[in-house]
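A short write-up of the structure that comes next.
Per-chain numbering from 1; labels A, B, C and D assigned in written order.
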Amino acid sequence: MENIIIYVSLAALLVCGVLAVMLRSIIKDAICLAAASAALAIIMYTLGAPWAALFEVSVCAGLITVIFISGISLSHDTKAEVRREYDDKRRMGVLPVVLVVAGIVMIGAGAAIHFEMPVAQRLVQDFREVFWNSRQADIWGQIIVMLTGGTAISVLIKEEKKKS
Amino acid sequence: MNAVFELLSTGHNLLLFTVGLPVIFAFAVWAAGKKDILRTAVTAVAGIVNLIFGCALYFAKAEIADTVKMTGFGLDIDILTDEFSALFIFLTAAAFSVIGIYCSAWLNSKKYAGLFMFYLFISLAMINGAFMCDSLGAMLFFWEGLLCTLFGMLLINNRENYKSAVKALTLSGIADLLMMLGIIITAYIGGSSNMSGLSGLEVKGAGIAGFACLMLGALGKSGCMPFHSWIPEAAGSAPAAFMAAFPGALEKLLGIYLGVRVMTQIYSVESGSAASIAVMTLGAVTLVCAVAMALIQKDMKKLLSYHAVSQVGYMVLGLGSALPVGIAGALFHMLNNVIYKSALFMIAGFMEKKLGTTDLRSFSGLFKKMPVTAVCFTVCGFSIAGVPGFNGFFSKELIFDAALESHCKLNYLFYALALVGAFMTAVSFLKMGRGAFSGKEQLPEKVKTADEKGLLLKLPIIVMSALCVVFGIFNSVAVDGWFACATGAEEKLGGWPHSALLVIISVCVLLLALADHIYGCKKTGKPINAADHIHYAPVLKQIYSAAEKGRFDPYNWINGIAQGFSFVCVKIEQGVSFVYDRAIPGIVKKTGDMLHRSDNGSLSRYLAGVLLGVAVAAVILLSKVL
Amino acid sequence: MNMEFAFLLAGVLLILAGCFCLIRTYHLLKIIIGMELSMKAVTLLFVIAGRINGNMELSQAFIITIIVIEVVITLVASGVALDLYKKYGNLDVRNLRNLRG
Amino acid sequence: MNMLNLTVHAMLALPLVVLAANNLLAKQTARKIALYVCAAVAFFQIASSVTLFVMYTRYGITHYDFNIFDPGQVSADYFSVNRLDLFLMVCIGIVVFVSVMLALETIKDHKRSYVNLLMCLLLGMNGMVMATDLFSLYVFLEIVGITSFVMIAMFRSKVGLEGSFKYLVVSSLGIVLLLSGLALIFMQTGTLDFKAIGESLLDTQDSSRRALTYSAVVLMISGFAVKAGAVPFHSWLPDAHQSADTAVSVLLSGIVIKIAGIYGLIVVLDLFGSLEAVRIIYQVIGLVSTITGAVLAARQHHFKRIAAYSSVSQMGYIILALSSGTTLGVVGAAAHIFSHAIFKSTLFSNAAAIHEEVGVLDVTKLGGLEKKMPITAFSSVIAFLSTAGVPPFCGFWSKLLIVIALWKSGDTVWAGAALAASIFTAVYFLRLQRKVFFGKLADGMQDVREAKNSIGFIEAALTAVTVGAGLLFPFALQYLQTAGII
């Protein structure tokens, strides 16, 4: 059962991802991306990463999509349509072919080296302890990243001063 | 003296005081810049300090051998000052202390005075360094440093017209390249890159190439053919102070130093061997060709510069004989040449300063206005022409002797060529001396009066002229005392020449020159045109006109005699210059264009570049792993 | 063909799709979507890495950090894109050719 | 030990304190003093790093591990400082100092944001060199990246935004590559700690594991190469460096590409150096960058773009040095990082001076500034000589070290190539010098004056450092030898 969920979600992730690239409407692209995030979150949850799944759903599928949608609406492209000069079907149409070829090559390569990674016994740990105790450099870094983000918003998003 | 020597006796200190100190002084004179008195004072002090070190180093008569660690990677400098190199350091210091003052005084109120003196002092540091190094690689470093300062000094006067500077750089650069090649070959066959580790290599097989390259490099530095042609050209544009210091003195010292080392120590050259004959031929050709060109010059600086080349021919001739007498002659001639040639260049510079020109056609009869200069000129002229009693006479006799005694079948030919050279030297100096100082007084058009004020300019000239006489009288001091360490001669070579016959022949040649001069004067009416009958003689005229056009100038890759050869040379040169002027820049340009076009600001292309890089890295890794 | 390989395959293909999007599209925001897609793929790779080595908790910590950083990058990128929109009046990447050799 | 502990903590915390103060203080006060405080922080970093370096050598410390806050039960340490890190932190301090000095004149608006971002950048770079874990390295790398993007875009000019966006996109691709590499390594080891990764990855005979490791190596090298701006990953670099304000360009070109890129490459070399292919990739990338960067630099018209391409070329040199794979190579690379930081800072200071005084940076429109701006011209000439590797300036010694390192590791051909590539350096800088400073004075430049206070000061100071470091370099080498580093 689990396996089926995982494979279906993986397929959904792949399809949504490709659609996010190929669709001609930018808003649909953003929604596809959110859907891909959701599929990824399901995979995470099923594989035993609930915290990551939570973040994936709330931040990636939620916040980032909000950013995109607001970006799209701020750019006054009310129809949210990728205009003709930006895009045409031919430019993106090659993608499935590329992916299929790359997939076949990779499968061939994997078969050639008999790719197999044995799954190790899962360590019994508490996520919160791991995160807070052993990743403090990352946490410190995250704080600064957020500060930078704050500065970035204050610099980039705020209205430009009137030119005197 | 001994205390100073003690101070110098470790490698570090030696380098510090003989190379480091001039560099510091260089910055000092640079800082002094256009403040004339200060600059000259600093120069004088520096010259004297350097001379003290030189004296201490030489007269202590002790070797200093040490290794100075520069970095940790085998870039150590091996220092070895034996008696021979100490002698050269001393001679350089002595010459420099006189010439330096002249240069500084000559540069008064020149805009580039500070920078010029800076280069001069850096050159001194480089030359000292080159004398001291035992390892050939380190010597090469100093040698190349000299090339840089040379280029700078030539460039300094006229930044717009850098043709002659580039020519000098190219020719000296080629000579240095040859020397580098020679060093590599020699180090390879000798198994050591230290001069003390190389001795008595045989000139055969790869040794021939090594010997030839080293000799060409060394002698090319002193202005021997075929690397001479930048000197006359530089004479036209470079400051006279430069001519006195570089082609006049310092480069001769450096070139002959290495030449003697190569001939007597690194390689063993027998008298009469092919190597010896080759070097002698080089010397004889240089000697005759250059003096022949000097004969027809009407400009003082140009005439002197051709003589500077021609005198090297004598030295090379003596050196090539590989006999003690020849080497003693070569070294003594080098010393004399440093004395009188720098004095003559200084006189030319002095007159240029006073008259605004050195063109002999524009002035004459200046004896009354410039008596001291005229006397000094006469003394130096007598020396260079080899009038008995003056120093040049003794060194020339030694070289004549060596040419005759060399164990080859061409010895009479070499002797004859040397005599021809002496003849033409005498003729040209008679022409120049009489043209400038005797006869009816005439000044260049724009100059109202001429005087000879300027003690600091005159003093070096007088000192040098006096030295001509002194070394004429006490020639055995130098020949038997100083140079004995290089020649290894057992019998005394100094004093009056042993063979009366040779002296008589020399005197006859001088008289012949005088007769020719008088004939020429009669024919044309002016001393300055006294050599015209040679210039415009039937066959010589064509040769001269070709030479004037630079046909014999190796820089132009044209051999005027053999048209076919010249044609091939031109073609080769065109090919070479095509490769250098068109093909290589073309390829670089095309590649650049291609890269440039790919840098068109398109983001997609940037990203594609990244992916390309990943692919390349993957391919490299796969090719190694599989 | 086990599950791990399927994940790896999906991850690589998604990265390729993202790169493809970056290179082929003319729309600034879509470029950012391509970046996001590639980052999703990387997250996927970390998930499977955590599953294979059994250290899923550490993997989760990594993923969360990556997500946080990803958000900030998206913010900055959209901010710049919007500023570019204000300058040019559209979101065409072909505007960006002022800087060149 | 207390002082050491305090100092290394201060390097990670002090910028944050300054940042907080900058935002909490009243706007007027902050405008006045913030930049000076930044200069003080940079100076503190230089001074304390040098002190610590000497102390390490004196007491034989190789590295010092520490945590920001005590984790309680876990014994691991998350930051570590060794001597290479300290040396790099000196370079960081110097360039940040230069940037602040330039900012005093060039930055009029957004002073507060500049200070915020500068402090984040400083923290990011310090964190990068101190990190003990590939993932932390990535986190701090991102901090450096994001701050750079924002700093370039900060002034919201057309070109600034364009450069920023290009940098952002290309660098995101690089990050994706890097992270995939990390994931592939993490897949096998279960940790990303430097010490724990080690050699174990390369020893295995299992073909799947080897395939993963090799892919990871390629991906990581590519990722860091993007950050370092090596050819063919370089194309974002000239755009970004040209478009930013000069006070920012000097940071990017002077230190960011080295810490973000080269330091990463050093780490990869540490971990996977025994794989011969890594060295060959470095060699190829290095040489291609050296030559391509120089060739392209010779064809640009914008002063800063020339300097940027010169950075590409010099990064190639540093990567070439790393390719020797020996300690000497790393020392050579570090030395070149230092000398490049100095001379590139000088060049960007010149650019700032010219931009402030003349207003244009197009070299075809400049000319003869030597007469009007003697200090700028002189410092530029010295920087050029140092770049071209003319003794006795410090660029000569670092290049020499690189050539020797290559020679000693047996790569004589590459050593020769590295020497030959120096010629290209001379070509493009001669062109720059001739066009900008020599020749006839260009039209409309009669009233140009010498650079103002802090720019002039920093030019003179950097020139002094170039000359001084060059003259003292033999002693530094002897010191390193006695310290047993090389």
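Everything that follows uses one rule, which is that a residue touches a chain if its C-beta (ideal position, glycine included) is under 8 Å from a C-beta of that chain, and two chains touch if they have at least 3 such contacts.
The model shown is predicted, which means the values in this text are computed figures rather than measured ones.
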Labels of chains that are neighbours to chain B and to chain D: C
Both-way neighbours, i.e. chains that touch chain C and touch chain B: D
Chain separated most widely from chain D, comparing mean CA positions: B
CA centroid of chain A to CA centroid of chain C, Å: 6
Averaged-CA centre spacing for the pair chain D and chain A, given as whole angstrom: 31
Distance from the mean Cα position of chain D to that of chain C, given in whole angstrom: 26
Between chain B and chain A, distance of the C-alpha-averaged centres to the nearest whole Å: 75
Residue numbers of chain B (touch at least two other chains): 596, 599, 601, 603, 607
Multi-chain contact residues (two or more partners), chain D: 135, 139, 142, 146, 149-150, 153, 156, 165-166, 169, 173, 187-188, 190, 238-239, 296, 299
Junction residues of chain C - those touching two or more other chains: 18-19, 22, 24, 31, 41, 48, 50, 52-55, 58-59, 62, 65, 69, 72, 76, 79-81, 83, 96, 98-99, 101
Full enumeration of touching chain pairs: A-C, A-D, B-C, B-D, C-D
Footprint of chain C on chain A - complex, ascending: 3, 6-7, 10, 13-14, 17-18, 20-21, 26, 29-30, 33, 36-37, 40, 43-44, 47-49, 51-52, 55-56, 59-60, 63-64, 67-68, 71-72, 74-75, 77, 82-83, 85-87, 91-92, 94-95, 98-99, 102-103, 106-107, 110, 115-123, 125-127, 130-131, 134-135, 138, 141-142, 145-146, 148-149, 152-153, 156-157
In the complex with chain D, residue positions of chain C that touch it: 11, 15, 18-19, 22, 28, 31, 35, 38-39, 41-42, 45-46, 48-50, 52-55, 58-59, 62, 65-66, 69, 72-73, 76-77, 79-81, 83-84, 87-88, 95-96, 98-99, 101
Chain C to chain B touching residues, read off their complex: 19, 22-24, 31, 93-94, 96-101
Chain C-facing residues of chain D, complex: 135, 139, 142, 146, 149-150, 153, 156, 158-159, 161-166, 168-169, 172-173, 176, 179-180, 183-184, 186-191, 238-239, 242-243, 296, 299-300, 305
Sites on chain B touched by chain D in the complex: 69-73, 588, 591-592, 595-596, 599, 601, 603, 605-607, 609-610, 612-614, 616-618, 620-625
